[in-house]
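Remarks on the structure that follows.
Letters are used for the chains, namely A, B, C, D, E and F, taken in the order the chains are written, and counting of residues starts over at 1 for each.
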């Protein structure tokens, strides 16, 4: 019943956020959830996609990808295959949506921020690390933008973080690593704002379907995990 | 506060399931949720993908797509663009996962069932109609397979259906049509088995993040909707 | 010597044209030649392709595709393969060309009509059904356009329909179904205007090359078949 | 009423067939119809496509392409665009079909001949020159194959050639050059065997639809043109 | 120790440059280095790529490709594969860079010259023949442009040619054919201006790494070969 | 005349090689040349490409790529564009070729090592850093392979490193950073073995062509730089 790395069921892996890991990006963070390492870079560009022009509002988008040898066995490079897989697409969309939930587009003006989340090493929870790290990169990018364009209001209305939870060996656990993730009966990714509301709830029965009680216990666990992540983000950004 | 088509907040649109709409497919259904029409075809093939060979277990997969003029304005054909968009990928994966949750792969033997869900007309809820209709096509395909291969056990362990719910004008509503979907503050797709357990819960804050009470009311509504859909499936399959 | 479905050599399969099958399209028809079912949708858009801008003339184009399980064995989806096959390209071009032959581009003004012809079920003659059904969808689309843009002249100069003919067991036959098509010695698709002139004649020796007498008998048969189809179109459009 | 290059209406352009223009190919020909120049190369390979294995029969296929600057204005390279256009696909299929019509696949054994027809310079009639030249390359490739594999019977049952005909300024003309082709009211490509039967008849109304009398006069002209081309092929192959 | 075709180590293969081989191109040359035959076509177009607009300077670019049966065994067509291989990309870039080294972009004005180098037959040295032939096509294209646009200054500052050299059986040899190239220990392509300076030096150890003395002897040989090629170019252009 | 970062003309930037930066890869290194950071991962797999099977020899290949925000302005992701650019292809091929030059394929047995070189941050010299870092990753991968497969002989015959040199403001300089690279008149990448022989010499005149004296001075500088890099590699691998 013990977790492979000895953690308590409601315990996160060690979290590290190295701010400004990149020299060129307007905001960046190397985020680590245990052995999972994601490099998040925020790029600020003038202008917005065609369908948004003239609205006075900005846009935030994200691209997620894994380096070929971030995983245990090497995966083929999507650029070489010539197309992006469904999982990549799905996570890129999730990251973008999650960050947009805390952005005030009016306050940004017609600028676009692109968040590149590249998984350098994967050990479960790459999408939740990506969202959590991308928030800090976005926060720095907005600081850069506010100064450069003299924006009056902060385009960030709240912070946002994400964590995975799941049922492993009939036990609800927080922040699954790859080993746990691959045997989980139910797997859920939850995105929560700094003030504790939900942005995204994605639960999947990997094995048997799950009942309402299970769902409730997982949601509780996720909210507590995101509360901790919010503290890590605050600390990193005040550093 | 009234819904655009006059329905009660907890009321489904008219549901029609026309079984065996196609002559060639081993199972098929044209399913309608109001003006949303999805053609679901199940194809049975011998053999399984390479990574599953020799396990004695079968496989179920799905492909979702929209006809270019299923929508209000014509969308470009993905075959002409030469790549599948993220939304298409994401829904195809969701449909496949949802059906696999009720399948006993051992009982299937090494066969593959592919579910093609093609949206002929779209008015919101295309992915939930696709899952609900694909289940009846799959059920017929398994009948065909059991007879042809003389399978002892039924590869279906349960039925499965899906519905969308959302918060519109601060009211929790069942089975959003396109008009409601486009203004919903929160949008959730829920996949539920015939015995009432969850297979998939996907909630997204389109506007403001949502709290636990909202989430709970939406889940209640979804479960009641799926209970009705299960009845529609039973009636269609007993027809 | 009898045909598989008992028809006379010069007899069409039952023809059904269900007008306005789609709610969103400016014109649409579900056309059936026996078990062959093609959904034709006409989309009207402002503007024309770049090379035609400023000419004051409109444009008509078509895209043909088959649903994966329209056929006896499932075909791979072209959007998944990432490229359109030669046959699809060829038929799309044929449908577009056939309809353009009866259009007065000046009368349309700078608008584009795109005809999507999606084969829901295939049993031979899908391209000829597509042309015949697309004409009725186009006719409705032009009605819509004339009213909306107050066009003075009818952009349709004539009607157009198409039928396949072939030599099977040394006998010239009209409107081959899949079974006959697959054993035909010669296969010909003929596109004819309502006034009886040829728009397109495409004859192919599948087995042995054919002589002039054969060619002549097939052309006679095709013209008589298209005369009947013209009546079906008229009836549908007056409905 | 005179043709731009002064030819009689039923007169071919000068035809040149340079056999064995390439050193590596098992058969090759540089064919010229006036300024149209197509390099035809036949490659013999052991084995056949998967769907034909074990039948004891061979296969013949073709690929047609144009060099970017074969035309008056440079066209983009299809390899750079990453996809083959509809016209290229259509002509490749036509060339392959035309040659297969005169081949005895049993006599070939399980070998594949691929005919590459690359247009070096285009001035109308490139597909008909390609078919006519590909026949001589194929003939040499079969000689090579018969000797190498000691085949008893000649895999060629007949010869095949092709020519374009069209109505220009209300006059039926043979072998249109680009200038004539671009203003033709009706355009027809006809593929004829050495013994005078039809392999393929493809007529298209570019402007107004055409009547049966027009069609008949074009077919007569095409057959006479192919009779001449057959002589050119014989001379080249006996050289 | 003798070369397969009996040449002296420092001897070029017979060089032939047939100017204006194409009718449509603004400049063209069919160049032969022994059995290697490359068709070079220069296309002049108004305007420059987006990133260069408004600078008053022109642009020169190149595309290299091989016909499928230019080689001993047929290669798949890159347009059919849907992507360009690394070698093709690399050589296209090399040809473009080599020609740009002798061009005065200011003198060209905002025009683009595209050099298409299509290998009709390959026997080693295709990239060096392409550069050498492309220079003469470019020279004619500039003549055309100067006259048409009344340009004051010649956009060519020098001529440019290229040759391959290599170590075969421990001997430095000039202008390797395919047989020699495939066994060379070191292979070097050198691009040299008419005045004897280097534009590009690309040496690769195919087998064992090479020392400075080897490198020096190869450079000497290459310069002498390019001096001869410069004479061939002059003769062709004065013809 | 001073370099932007104050270095002497023959001085490298600070070099850091962090061995085993990745947990999953059989060999890995994060290499830094100043602000240029490349993550090199070596993957060992059983088997070799099809064309090499049954030879008893191994294979080494490489893939180079840049993260979108490794550069000053964000570049589009090649996986999103759906194709790999020419520069990426070219460098991937260079890295593979350079490492193969020091490998004894017989000693490897039929295994494949793939070197992934992903540029996390770019400031000039990314390809030379990639080769230098890939060597240390390869060295560790071979240690892993020798132990696991009990290989008798070391598959590495020598070490290999690479450096860029160039003429900037008429001065020959070692290890150009991005600023210098973008204004260099001549740019050369040189790959040298630990014993001082050349594996690859690639010199390009960016502006004016260069003479032999320039070439010689650049080669001298490159060899001295690679001698230093060899020491860095030794130190890292003995760590």
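As a convention for this text, a contact is a pair of C-beta atoms (placed from the backbone, for glycine too) under 8 Å apart; a residue touches a chain by one contact, two chains touch by 3 or more.
Chains and their UniProt names: A, B, C, D, E, F = Ribonuclease PH.
The shown structure was predicted, so the numbers you read here are calculated from the model rather than taken from an experiment.
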item: Path length in steps (a step moves to a chain that is touched) from chain C (Ribonuclease PH) to chain E (Ribonuclease PH); value: 2
item: Set of chains adjacent to chain B (Ribonuclease PH) and to chain C (Ribonuclease PH); value: none
item: Chain whose Cα centroid lies at the greatest distance from that of chain D (Ribonuclease PH); value: A
item: Rotation angle (°) superposing Cα atoms of chain A (Ribonuclease PH) on chain E (Ribonuclease PH), nearest 5; value: 120
item: Centroid distance [mean C-alpha coordinates] between chain E (Ribonuclease PH) and chain B (Ribonuclease PH), Å; value: 59
item: Length of the line joining the C-alpha centres of chain A (Ribonuclease PH) and chain B (Ribonuclease PH), rounded to whole Å; value: 28
item: Chain D (Ribonuclease PH) and chain F (Ribonuclease PH): spacing of chain centres that average the CA atoms, whole Å; value: 50
item: Junction residues of chain A (Ribonuclease PH) - those touching two or more other chains; value: 82-84
item: Arrangement of touching chains [line / ring / star / complete / other]; value: ring
item: Complex interface listing, chain B (Ribonuclease PH) residues touching chain C (Ribonuclease PH); value: 22-25, 28, 35, 39, 41, 43, 45, 63, 65, 67-72, 74, 77-84, 88, 114, 116, 118, 120-121, 123
item: Contacting residues of chain E (Ribonuclease PH) [partner chain F (Ribonuclease PH), same complex]; value: 83-87, 89-90, 92-93, 97, 101-102, 158, 188, 192-193, 195-205, 208-212, 215, 219
